[in-house]
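When the chains are written out, they are named A, B, C and D in that same order, and each has its own residue count from 1.
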Amino acid sequence: MAEPTVPVLEVQDLSIAYGPVRAVDRVSFAVGRGETVGMVGESGSGKSTAVLGALRLLPAPGRIVGGTARLEGHDLLALDAPALRERWGARVALVPQGALSSLNPLLRVGDHFAETFAAHGVRPSEGGRERAASLLAKVGLDPRHLDSWPHALSGGMRQRVAIALGLALDPPLLVLDEPTTALDVVVEREILLQLVQLQREAGFAMVFVTHDLALLLELATRVAVLYAGRLVEEAPAAVLAAGGARHPYTRGLLAALPPAPGEARLPVSIPGVAANVADPPPGCRYHPRCPLAEPRCSVEAPATRGTTHRVACHLVEGA
Amino acid sequence: MNLVRRLSLYLLAAWVALTLNFILPRAMPGDPAQALYARFQGRLDPEALGALRLTLGISDAPMFEQYMSYLGQLARGELGTSLVYFPAPVGEVIGVGLGWTLFLAGGALIVAFALGSGLGAWAAWRRGGWTDTLLPPLLSFLGAFPYFWLAMAAAWFFGVQLGWFPVRHAYGPEVTPGWNLDFAASAVRHALLPGATMVVASLGGWMLTMRNTMVGVLGDEPVRFGLARGLSPRRLFVDYALRLALLPSLTSFGMALGFVLSGALLTEMVFGYPGQGMLLLQAVRGQDYPLLQGLFLTITLAVLGANAVVDVLVVALDPRARS
Amino acid sequence: MTAPLLSLRGIGVRFPQGGWPRHRFLRAAHAVDLDVGRGEIVALVGESGSGKSTLGRVVARLQEAHAGQLLLDGVDVLRSEPGGASLAYRRRVQLVFQDPFASLNPVHPVGHGVARSLLLHGHATAATVRERVQAGFAAVGLGKELVDRHPYALSGGQRQRVAIARALAVEPELIVADEPTSMLDVSVRTDVLRLFRRLADAESRAVLLVTHDLASARLVSDRAVVLYAGRVMESGPAARVLAEPRHPYARLLAAASRRHDGLAAPLPGRPGTPPVVDPPPGCPFAARCPEAIPACTAADAPVVAVAPDHLVHCHRAEPA
Amino acid sequence: MSRGDLRSRVGAALLLLFVLVAVAGPWLVADPVALVAKPLEPPSAEHWLGTTGQGQDVLAQTVVGARSTLLVGVVVGILVVALGAAIGATAGFLGGVADLVLGLVINVSLVMPGLPLMVILAAWLPPGPVTMALVLIFTGWPWHARVVRAQVLALRNRDFVAAAVVRGEPTWRVVAVEILPNLASLLGSSAVGATLYAIGAQVGLEFLGLGDLASVSWGTNLYWATNDSALLVGAWWTFVPTGVCLALVGFGLALLGFALDERANPRLAVSSSGAPGPTPVERTDG
């Protein structure tokens, strides 16, 4: 494994709370140039909360109660609003989960680009419209849509506009929060193919949040698995794809995936119900559903061990 | 196009108002004009009775024919002759009143809507600030007073006690009506107190509508995505939050027109302001039914017209409605 | 193959779109033929806008078809019960909804629906209904104590099982499942799918599984029908139709759903949306099809039997 | 105690106070109509709120006036919502032609201004509380019909209603057991709003002299107050007490309405966003 490049974003022991509930508990992850880190977890795991929190873009009533999030060396959790505004859109761009309804219905597509450029000091005279046109072409949209109203575009097209807006100022880091969950599988595939191509050309770092582990095995360089607000495993995607998952929950998720055509195995569900962050089980939060659980697991929360392959489990070693 | 559907709705409502106005006097048992004549116990000579029958369009002709002549009269702007202002035609009497009502009630309405929406937007933007915690209960308490009672209290305190403002009529006796400055100044001075009470009474409603809409808009995806692109607070406040929140408020503004105008009419009475309200009072007290019916028509048509204007405005502002 | 329990013949559904002077129509389904036998799971596969959910609602008699026949044991219920489904039909055909959160009335406890089904169809009396509801919950793997809880207290997977228990309460012969697992987490999805498999195998009920997820369909269904723009593109044994599809659109869908190919291979077919409002003649997929020939846009695709029970609606398909 | 609870408690307390005044009041005060002293006497030990233009006791008039005003207000409030809900629910649930016709009637009546119509009706009909109630109900139901119709249309398309149809429920049970219970909190806040509207409109009409001038109610009190030009003479005590009572009742109803609205639509309650800005950082662990 080559020495990982200097991380564009490095998140250390991030904790986030909604009132008394700790929705994210000391989560750490990092992403370098050209890398794609996948954040995967089921509903209520806190994957979106963690990523939005790290960027300080988590809406009320969420609040950050601990940890650091260094973007190009600066801790976002220590910056004030103006300093953050300089970076939002320029140094880190977010493609939100509700991208289908994220465009301002009262502004044309072109206006969205113009205002984003203007917010970061790019005067209209400096060819903003041409750049916007080339960005639309890059994501497979006809530039004439610069003059279209958002409601006139299909879901897939609006998603592409949101991605193009994310790339408007060539940010070193692009964060996508379940960008294709609401789309049909064919449109999703087309958008992801384009995204991988754009990353190969521009070399930006990418954080991709989804519940679709199978998709991350193809798309991501590394995968971070969250359960009930805690990081349970973080490893190279290739290792997980080759069956090298160590944490029982990750193994359970992989076993629950439907088989690929020609694959012999039958999927197996994980018993029990997902843990609720508002009332988490004591110790390791996965112990009620874990086949390897020992008495110790329901008492003491496991430490995260390992560097290139991190695991938070009493019974399994990291690497 | 739903604008066409909305406008046709207003035409239909106007027709219903006309027909209701035609049916009402005839729906009463007995011959309405005779009943009225009896009520006047001879204070009316037979010739006035004839005028009364004419104005009510009552004759022995079949109902449909009466309806047609009634509509014909309306088309020619003849609303019959007023009893209280006998023999002045109703149309003329109303014409003067309508002007003053539009000036007073219209002005107060626009000021209240603009001020209320501005305060509401600011209260939502500064969630938790004093505008958000103190103003809403205060304004909704003021709003709980009936319009005309606030007018009475204001007229008594600021007018009679402190004498800061005139409390009767639309302009002072010392000025001559016309397009000259001191007439305009006097008209404004006379409109200030009644206008202010109307603004205060309705401010709370507009503020709460805008604040609740704005709170919703500030949590929606477009604003969040704007923030994520580093847009300035000013841009987010004006081009995102305010514009998105204004549309639903404008629609509720259109719907509330009828209600607010009613309140304004009562305020005019307290101040003896020579608008539609004053006429309405005199018509009721003088049982001047032709004037009463004329007022009903003009007020209803005015409200319908205003609603249509608001609807056109909403469609003009919202591209989604234009497709 | 015994006679199918359910047969759709030439089913058409359209929604008026206004428009003046000529009324424009959205054609949600057109000339659809479909058979479901007892003990068999048939997957109705397509993307959003393909008309699959509409067809599911037609079978559940929530949506009227403007053309075609809906045969239950050979009887066309559209003619025998024109006014709307009879109680007898409701006893034989039940529907499980996609959104577990919306299909349970928030005001009543979750057992309410199951109890009402039992009482309406005489499978229980006021005295025995509570015990039968608890048995119904146990049959789908839910604890008895959940009966009195309200929907907000249950997880997505639990709610979907309640919906299935409600459908089973009337002892139906056919269950229409409208995307039953699309809102469930991966970890609980398989158990719900396996539940349908058991209904077919152990209790020989017929299941029409409406889904956009080829993987789930491949996992549990015996036969599959691929829909595009309201029309059948290909139908036959699930193993072949979903794994080695012959119709260009079915191939595009399979390629897009296949994982583990490293996002390398470009997709066989151009991007686009299905033509459903006053669609042009010919095959609806022609505009996006990499193998389209002039005939495709001229006339409707012929139905070609590439195998005894494997039909492909395509000009380019070669018969067996 | 959250802001919502405080509001509903204060609102409920205010209303309770006035209900007591309306019920027990008339036995506690003197005869409101009797001429007890010189006209327009300022408040004194003997007459706490002074006397009216005819020399009647203002306190008695205000207390006794509460009964008819509140009675008509509450009765109209409930009936107007009931009528509106019935028409709205029918239009919403039946759909098709019924919805078209009823929808049209609702929209047309909504667009027409209330007061002129009320004035005409009140002028033609014999004055009195029954006429007042009829006029208010006739002009007030469309607003609630529109609100309920929209809610029923939304509920009708929900899956749990389709589920009830699929299991074979008869139509009346689908409406009564599945849809109506979901309208409870909406009808609650509508009734409160309707009562507030009814009181305001009733007082307005009585102030115009269209009520039963012989009866004692807050509206007629204000009518006589202006009629005797108490205003110009500066006899504030003849109209201020009634006004304050009206405002307190109105405010109480508004507070109760807020609390019910928040229950019906939780989004208003949550102390949600203000100006969009960075997520706050409040370090608790090291």
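As a working rule, a residue touches a chain if its C-beta (ideal position, glycine included) is under 8 Å from a C-beta of that chain, and two chains touch if they have at least 3 such contacts.
Treat the numbers as computed from the prediction; the structure is a model and nothing was measured.
Q: Where are there more C-beta contacts: B-D or C-D?
A: Result of the comparison of B-D and C-D: B-D.
Q: Rounded to a whole Å, what is the gap between the Cα centroids of chain B and chain D?
A: 21
Q: Please compute the C-alpha centroid of chain C, do the same for chain D, then give the distance between them in whole Å.
A: Taking the average C-alpha coordinate of chain C and of chain D, the gap between them is 50 Å.
Q: Could you work out how far the Cα centre of chain A sits from that of chain B, in whole Å?
A: Centre separation, chain A to chain B: 54 Å.
Q: Centroid of chain A to centroid of chain D, CA atoms only: how many Å?
A: For chain A versus chain D, the centre distance works out to 51 Å.
Q: For chain C, which residues are shared contacts with two or more other chains?
A: Residues of chain C never touch two or more of the other chains.
Q: Could you tell me which residues belong to chain B and also touch two or more other chains?
A: Correct list: 219, 224, 226-227.
Q: Please list all residues of chain D that touch 2 or more other chains.
A: Touching at least two other chains: 271-274, 276-277.
Q: If I apply the definition of touch given earlier, which pairs of chains qualify?
A: All touching pairs, sorted by chain label, are A-B, A-C, A-D, B-D, C-D.
Q: Chain A touches which residues of chain B in the complex?
A: So the residues of chain B in touch with chain A come to 219-222, 224-232, 235, 239-240, 243-244, 317-320, 323.
Q: Once bound in the complex, which stretches of chain A touch chain B?
A: Where chain A meets chain B, its residues are 55, 57, 59-60, 85-90, 93-94, 96, 98-99, 101-107, 115-116, 119-120, 149, 151-152, 162, 165, 168.
Q: Write out the stretch or stretches of chain B touching chain D in their complex.
A: Against chain D, chain B makes touches at 9-10, 12-13, 16-17, 20, 24-25, 28, 124-128, 132, 140-141, 143-149, 152-153, 155-156, 160-161, 212, 215-216, 218-219, 223-224, 226-227, 233, 236-237, 255, 257-259, 261-263, 265-266, 269-270, 280-281, 284-285, 287, 289, 292-293, 295-296, 299-300, 303-304, 307.
Q: Under the definition above, what is the set of chain C residues touching chain A in their complex?
A: 47-48, 155-158, 185-191, 194, 212-216, 218-219, 242-243, 252-263, 266-267, 269, 271, 273
Q: How about chain D: which of its residues touch chain B in the complex?
A: Residues 104, 107-108, 110-117, 119-120, 123-124, 196, 200, 203-204, 207-210, 222, 225-226, 231-232, 234, 236, 239-240, 242-243, 246-251, 253-254, 267-268, 271-277.
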